[in-house]
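There are two complexes below, and they share subunit A, which is joined by subunit B in the first and by subunit C in the second.
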Partner chain A sequence: MDMKREYYEDIQLLSSPVVIFWFVVLIVSLYLFPLFVDNYYVYVANYIAINIIVATGLNLLVGYTGQISLGHAGFFAIGAYGTIILMAKAGVPFLLALPCAALVAAGFGFLLGLPALRLEGPYLAIATLGFGLTITQIIGRMEIFGGREGLHAPDIIIGSWVLDTDKEFYFLLITLTILLLLFMRNLIKTRVGRAFIAIRDADIAAQTMGVNIVYYKTLAFAVSAFYAGMAGGLYAFVLKFIEPEIFTLMMSIMFLAMVVVGGLGSMMGSIAGAALLCWLDLKLRNILDIPYIGDWLETLSQNWFSITGVSNIQFIVFGSIMVLIMLFEPLGLYGVWIRTKKYWRTWPF
Partner chain B sequence: MGAPFFRVDHLSISFGGIKALQDIGFTMNKGEIFSVIGPNGAGKTTLFNCISGLYQPDQGSIRFKETAIENKKPDAIARMGIARTFQNIELFSHMNTMENILLGRHIHMKTGLFRGMVMWGKSSFAGREETRHRERVERIIDFLELQNVRDTFVGGLPYGTQKLIELGRALALEPELLLLDEPCAGMNSEEKQDMIFWIKDIQDDLGVSILLIEHDMKMVMDISTRVLAINFGKQVTLGTPEQVQQNTEVLKAYIGEEKQV
Partner chain C sequence: MIDFIQMIVSGIAVGSSYALMGLAMVIIYKTSEVPNFAQGEMALISSFFAMMLLTSFHLSVYLAFFFTLVFAVLLGCFLEFAILRRAKEPNVLGMIVITIGIEMILLGFVSWKFGAEQKTMPFPIGPYDSLIIRDIFISKLEVLTLVAALLLMIVLFLFFKFTKLGLAMKATQQNRVAAQIVGIRTNRILMITWGISSLVGAVAGLLISPTIMHPYMMWDPMLKGFAAAVMGGMTSLPGAVVAAYLLGIIENLFGGYVSIEFKTVVAFVIIVLVLCIRPSGLFARHYVKKV
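The block that comes next holds the complex of A and B.
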């Protein structure tokens, strides 16, 4: 038997022909999918893809580096406003404006990372929360950002290709999402990613092994903010219109919920968490249309929670599902995935 | 003769009213195994924390080769070639053995944010670097006989194995000076025997100088070239193992003195 091994295998993404096959199938089906479904589902896919980008970035910060942020809606807003302003006011093409706006977000991420060097846990949560709230206030008061009236997104034109439908935008978005996910995956598997995890698990040992904590903590904030900024810039073109009220504290909390429900410190978890929560969010808005259950929930809500019966029942169901997931699987969806994999590997024993 | 390899002078540090270290001073030569002994709470680990930059001493100096290191950050000290292990294990519990030791290679690797992100196949910069350093780590894993836990998460491993992985991680840094904080604590005699061989090998084959904290006196006397005894943060004596063994102050510190009733 040939015992010589290639060390690259340890970190290889496409480690076997079977994996390559499924990877190709996944990519191809992601690109073919909009051809077979109607526009609404393309819109849903766009919405989910954008949240996957944010969740992946936030997971780098929360799951891998062990910091916390309740201000990611702020970075998201910077990305959205930055992209539109660069395009509309400065005439920068979309493909340049988007990363530039995300870099601005990364700059703010770096600044927010500085207090993180001294703050931990709940204190850091409050500091980042303050940042998220401040950003929307500033944007809401400034004329250049459209104030409370908001801004309209211009058309995206790449070369001679005008992306004015959800489907066309989907192809651009899915390409960027796949690229950003691959970048993140590589980052986590190599030196910088290991330094992040080391800081989370034992920061003192990491320092004495030569990891510069100041640099890596602020870097984690910057990269995480960059991802949120990219996603924000893309989100502006899904909505076609942005205003400060979109980027609320609730949004920051939902980003965090995606990461936690998906599973901290797992990229698969971020993807699954973002997909599940977005899907639930969109589906539960129509919960009252479901036969029988909808009627029952409406009566329940009218009797106990609100007179209109529509406004809050979706959040109650939503919250209950999150509580149940955390209760039965603290590792989140990633934990479910690990257990299923184990089950089938040892099946039928 | 140039500057001494490692020199501590008049080192003092206090926490509030507690004088944890007072006027500690010694010189270490290259290639030595230099032991620090003393009862619990004597200040041995505090001394290590000062050397590795976790504490800033109030007074005194620590010089490694030519450079004063007492005001440097821990990561800067690590980059100069000083590595350490911890008394209470400080491993990265959600990484496997390979990745833990690989983190010891951190200062020798160059892959940054961008080159890491675009690791595109094994011929990319990051791919080649990862392969090369994993190969080195594999040699450390072979040396410490950790092959069977190579891909296991370290959090659940037995105590002795975790101590070994810490040693491996410190070795991966290729230090010139290695600080070992009770490497044999909690080990049975067989594991201790292995650890002693490894420490000797590290000194002889790799040419690493070792600063050692250990409570097992037999081991200390066997392998040390010189011993420093401290008690209540003060230097009790410094000399060869034989000299220290015969020092009455040391006996007093460990066993206590006979009280005249």
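The block that comes next holds the complex of A and C.
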């Protein structure tokens, strides 16, 4: 049934007519969806799409290549500031500024990849973490980056099309997201992707087999940083305003959480993880407005906790999700999906 | 010249709190090879516990601190027993993610319970009581932190070197299966390790809390302590302390002579540079993994 008989079957994107059909349905519904819903939900979709881009990029590094990064907020910030500065100060059009800024981020990713060649585990964690914090500090202190006051995003103009609403931006964003995801999916299925996986599983063995570790490890950092940079550049236009305070260590941790919760080494997992955590993030910001639970939490907070800190419950929720996923399903949401699928395929046995 | 000496002294003073956090991290890493990102928040919850005992229950200071330290040990043991031990197929990334998860839970709990605003800790020594020795300022609290850091380092060093429990901890780190074969209950050893580490962290938290007390107060000391532990080689107690003082001094000198604005990030730049030259830190032998 699922047996693969030739190499092409392993790497092809859509394996059967049924899959092609559902793929087309998905793409069409993604494009039609903003026509039927409120502006708020389009904003939510934009927010989720951006985080999906970062999560897939980070998953390439963490899930496929086996390197940890706690500094992706740094690349994200480089993308965001780079895009806005190129557009506002140098007058570069958006569609050129965005990849340029992302390439700058990729350059920094390459630089960070160099020490990573010799580091692993906690050493790599602290090095990447330090990188993320340093970038935020430098951006916050330099006049060209607007300092602590931040920067406003200019309007995007492509040809004669001015994108000034969330809905218009959504069409651009979803196109870029789909392209980036397809590219990532194909990258993983090629020789390059297999080299990444080999490095994750046993780097010395991979080297013995002829995988150039220096090249592929730095490449993984660069591609991952490129994705984070693209996402950062797009994020600047969702927020319309950026300041250094946004790109904190907590943001890097949230990106890592998305990858881990979704499932390491699985693109579907990254998408699901990013969507779940972003949705929870937006919901839990106004935790007291949630029906039933909100009232209960309000009385609980007034009696035992402080009402001013009630929004911090989101940290408890995220932390618990991370711990529980790691304890009970190390493969994340993707592992849950695989298990459910297997269960129903062989049901009732 | 006075400026220079003053900067060195302040650097040593700030290095002491990094050293305490670094020690706490090293203790856990030495035994279980888990880089514990929850260290700062474990200290945080202990110091808020102390504040609660002092302000709401009006205990005397010594009694409150004693109960806080007991609480810290129990907290460490509980976290190991309830969460870390339950991890299936633990690898470094999984452990990092679990400890980050614990960190977020504790942070969320503290800021939910006490609110995010600045608090004051009724500590017997205020942050501004200071000694002046030949034009050099040093606050009494900093002296206390320095003494505590050095004392704890010596005690822990002797503990790991000369007691049976310390030896068992070392054995657990080097080869868990072999340690089990010779009759060491490695689970219990790990639990005790977390307890001790949490205690050291709580001491750091208590000594930091008079100057700054809000839910994010431990982030900077924790990250710098972690950086110091990494720089010292993650498994070496004296290494972590020396690296912490180095970081504190360099940070202060950089702040004084080069740029006060980038003072907080210079530590991480140094870390990256040091790790480029010596990937396992300054004081650890490079350990080569077998395939």
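To be clear about the criterion, the second predicted complex is superposed on the first by the 325 of 349 C-alpha atoms of A that agree within 3 Å, B and C clash if a C-alpha of one lies under 4 Å from a C-alpha of the other, contacts with A are read in each partner's own complex, and residues count from 1 in each chain.
We adopt the following convention: a contact is a pair of C-beta atoms (placed from the backbone, for glycine too) under 8 Å apart; a residue touches a chain by one contact, two chains touch by 3 or more.
This structure is a prediction, so every number in the text was calculated from the model and none was measured.
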Partner chain(s) touched by A:205 [first = subunit B, second = subunit C, both, neither]: both
Touched partner set for A:260, first subunit B, second subunit C, both or neither: second
Which superposed partner A:151 touches (first subunit B, second subunit C, both, neither): neither
Touched partner set for A:330, first subunit B, second subunit C, both or neither: second
First (subunit B), second (subunit C), both or neither touched by A:234: neither
Winner by number of subunit A residues touched, once subunit B and subunit C are compared: C
Touching partner for A:119 - first (subunit B), second (subunit C), both, neither: second
Partner chain(s) touched by A:189 [first = subunit B, second = subunit C, both, neither]: first
Partner chain(s) touched by A:315 [first = subunit B, second = subunit C, both, neither]: second
Interface residues of subunit A shared between complexes with subunit B and subunit C: 202, 204-205
Subunit A to subunit C touching residues, read off their complex: 62, 66, 68, 114-115, 118-123, 125-127, 129-131, 133-134, 137-138, 141, 202, 204-205, 249, 253, 256-257, 260, 264, 301, 304-306, 308-310, 312-323, 326-328, 330
Contact set on subunit A toward subunit B in their complex: 6-8, 10-12, 183-184, 186-187, 189-195, 197-198, 200-202, 204-213, 219, 223, 265
Residue ranges of subunit B in contact with subunit A within the complex: 52-54, 73-75, 77-79, 83-84, 86, 90-95, 98-99, 102-104, 106-107, 109-113, 116-119, 122, 126-127, 129-131, 134-135, 138, 169-170, 173
Residue ranges of subunit C in contact with subunit A within the complex: 29, 35, 83, 86-89, 92-94, 96-98, 100-109, 111-117, 215, 219, 223, 226-227, 230, 234, 261-262, 264-265, 267-269, 271-272, 275-276, 279-281, 289, 291
